[in-house]
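Taking it in order: structure first as structure tokens, then the write-up.
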């Protein structure tokens, strides 16, 4: 009895001294909490992380928040100085704010010490998920999940002879993967209201969500390809004539046309999960969505097993781009378990773990995994994924990103869904809103 | 009611008052009231003063490193000069007015019918009350599902009644319908509230008044307009006051239903305020916005209460 | 039965009854749909067009309490005979259970915060209401109005400074913080309601007790409290329902530790897409207690929802 008590005292003393010096010895086990969005890849990560738990002796908890609430909840958590998350797989656009306000731990020294090189990861993901300021070697995250907007289509419908014949007659070309956005819209219009297997189906499910970031993540796929630029390439934060150029206006008009001619009725507030629902329940021929859903499409009995095909966002008059999604994994500066959290990142950055990450349904950004021979054939969507990752562009990652995103949501939704004003009005208004934000920020 | 303590004092003979042991009444009164006042000061008044202070600054929660500057009335000027603010006020007014009109009409009718005291009216009244007691966020979220044109129940019920194709309209997506979509759900939830208050009003009318009117050969129609309506009016006005304040504050139900869309059509002031305060994190600006809302609610409510008192005195 | 001019005729009663019952049934429809969806399978819940007749399953409830991931192809090949029924159910959809979900945790948070804040709101509110009812409190009417007016402020507006305050005091996302906040919000209701109930107790009872040599305090808890018990109990249920349903503060001030069910339920999500049966199951479990309370409360309902302004 007595010895037990003494042991307890000794243990408590050790604990106290360890925490007093702030140094957590590697042998001591911590309870780490990893925060991310609630989606399929997160469930896969839980499985993957069991290996880390076994190796390190640390235990892992997870806090997953669905996409529409993810930014709200997690930025609230960071700004309220909470200690909920030790590791945060935060969205790419948050990096500026989190870096400037010291909410993420800067990882350069750690990378140098552990021999982790950012050259081993896809350049676009390093810029998108890890760097702040952009294009400087200051890292606040390790690319964790590579993601990009792409398209899924009902291959089984596309391949039906009667549908192919009718399409050829109408448009003078074969029905297949569209080479341009224009062609995509024609295919959407072709399927709109068509009777297939006794059900009325529609053209395409696209992003139209108002409340968080949905319609912005959708419309940019049209805007980029028609020639929209966030700013003057020579003159940072100079927006006039780039955000609201004639080409950008044409892009926005295209997205409205796509919305009006090709989407199911009532798809006025749709984001990732609504589009999945529409596609899986057999309502639409094509679906715009982030690549993370592709393993799920393959696994579903209604859409998997060769019934679906995949293609990268088609080109527009100004080129071929796709909206970047995906996240890097960061250590939260406020965490009490920073050392254990870094251990996790070290474990996660190993090539075997990254390979396994791909195998369980994750999307690593490590070149060694993506460029390995046989990668393209490892999954039906593997090649489309690589092609898409090669053409990515991202939204602002400024510390004021939310102040930039909200007016874009409002202006675009107002024009595309509510049908108010013209595309020019919407983008002129956006320039005005963004100018105001940059003036407040003292950047203009 | 206000001088109960006096009554106790005067009703209690001095000799008895003398024999009361323990703490003095004054001490007990303070011990009993102080914690409540303290908590309300700490959680309500202190924050309010802080909000007023912040509203004159450029403070932003997510910019701990930025210098906090006094910018005078700049935040107020920007809010009141912004067309978007007025758009949200308009959306709020549309929501407020129509929910009140519909709830008063339906609620009063229901109360009038229930007051016919048919068999089982208690049971059905309780059932009608259910929606009002439930969590607006949870129920509002489910209504997005009910409103979904292809898979939701609402459009199919409407199409069953009217014959229109269920996929031909979208309550949340159409700009003409979205402002009504939120009115419908709020009316579904809160009509029972107005109904209960009207019912209390109807039951407070003594039968003798109707009997006297009957003796005077007043028609039922006349009785309704000269007895029922005037006697229920103070109750009805109270119901309108409560609904007005509640719906001015409306957030949970609508944010779950439409997220403020399409465009800005259902962005009520509370939703707009939430975006400024907790998404853009413009704390100073949002504080000014909050102050404007306080002043509006208190201003409108106190004018209304004056009118209510006048009606009551009649 | 005596004839009365105010007693409605038989026909009027029938007419009124049919209209009211009709309204009640329509009003129940969305609630029934929630309950029914909870027992549908995933595909049935998003069937197009919606299904009224369906094969009931508890899949939604299983999904509600578990987190799942897709079965890998190797795992699919493994024998499944000795697995518990819920794992088998999940496997039919090609998934496997990897752990329990956060729902029960959120539900218990709702219980802890709901009951905790109700307890404090009632204890403090009863004391204050007694003092307001029986003693000469300076500026009483102003204080009572002040207490009521705290309820008029939009929660989002109040949340801005509360957020800052909680952050500085370390109360963000804690049970204590939420209990304190809901106590403050509920105090206005409890003071007003209980004040009304105590006003109705004849003052003579206490006088008699005082003459018998009770102290003021003894008179309070031996005479007044038992008399006001029903009123206090119904006030408590109102406070509980408010705390139970509250969303705006909860969504802004809680995240991982102290989050209650209302902000959590709309965010329940399954493997690939929103899992409506699980959302409906979560909603059903959450809504049923309130319905039971509503039935218990029906006599005091009106008084509760109008802050005692209408007493019936």
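Points worth noting:
Chains here go by letter, A, B and C, matching the order in which they are written, and residues are numbered from 1 within each.
The criterion applied here is as follows: a contact is a pair of C-beta atoms (placed from the backbone, for glycine too) under 8 Å apart; a residue touches a chain by one contact, two chains touch by 3 or more.
From a predicted model like this one, the values you see are computed outputs, not experimental measurements.
Top contact pair of chains, counted by C-beta pairs, is B-C. The most distant chain from chain B, with centres taken as the mean of CA atoms, is A. If you average the Cα atoms of chain A and of chain C, the two centres end up 36 Å apart. One simple way to say how far apart two chains are is to compare their mean CA positions; for chain B and chain C this gives 18 Å.
We define each chain's centre as the mean of its Cα atoms; on that basis chain A and chain B are separated by 39 Å. Among the residues of chain C, those in touch with two or more other chains are 46-48, 163, 251-252, 263. In chain A, the residues touching two or more other chains are 68, 72, 76, 277, 281, 283.
Counting partner chains per residue, chain B has residues 61, 150-151, 278 touching two or more of them.
Residues of chain C that touch chain B in their complex: 4-6, 8, 12-17, 19-21, 23-24, 27-31, 33-34, 37, 45-50, 124-125, 127-128, 130-137, 140-141, 143, 146-147, 149-150, 152-165, 180-181, 183-185, 187-188, 191, 199, 203, 206-207, 210-211, 213, 215-218, 220, 241, 244-245, 247-248, 251-252, 261-263, 265-266, 276, 279-280, 283, 286-287, 290-291, 293-295, 298, 301-302, 305-306, 309-312. By the touch rule above, chain A contacts chain C in their complex via residues 33, 35, 38-40, 43-44, 46-47, 63, 65-66, 68-69, 72-73, 76-77, 80-82, 84-85, 199, 273-274, 276-277, 280-283, 293, 295-296, 299-301, 360-361. Those residues of chain A that touch chain B in the shared complex are 68, 71-72, 75-76, 78-79, 97, 100-102, 200, 209-212, 264-269, 277, 281, 283, 399-400, 402-403, 406, 410, 413-415, 417-420.
By the touch rule above, chain B contacts chain C in their complex via residues 1-9, 11-12, 16, 19-23, 25-26, 28-33, 35-37, 39-40, 42-44, 46-48, 50-51, 54, 61, 106, 110, 113-114, 116-122, 124-139, 141-143, 145-146, 150-153, 156-157, 166, 188, 193, 196-197, 199-200, 203, 207, 210-211, 214, 235, 238, 242, 245, 248-249, 251-252, 256, 269-270, 273-274, 277-278, 283, 286-287, 289-291, 293-294, 297-298, 301. Across the complex, chain B meets chain A through its residues 61-65, 84, 144, 147-151, 167-170, 172-175, 255, 258-265, 275, 278-282.
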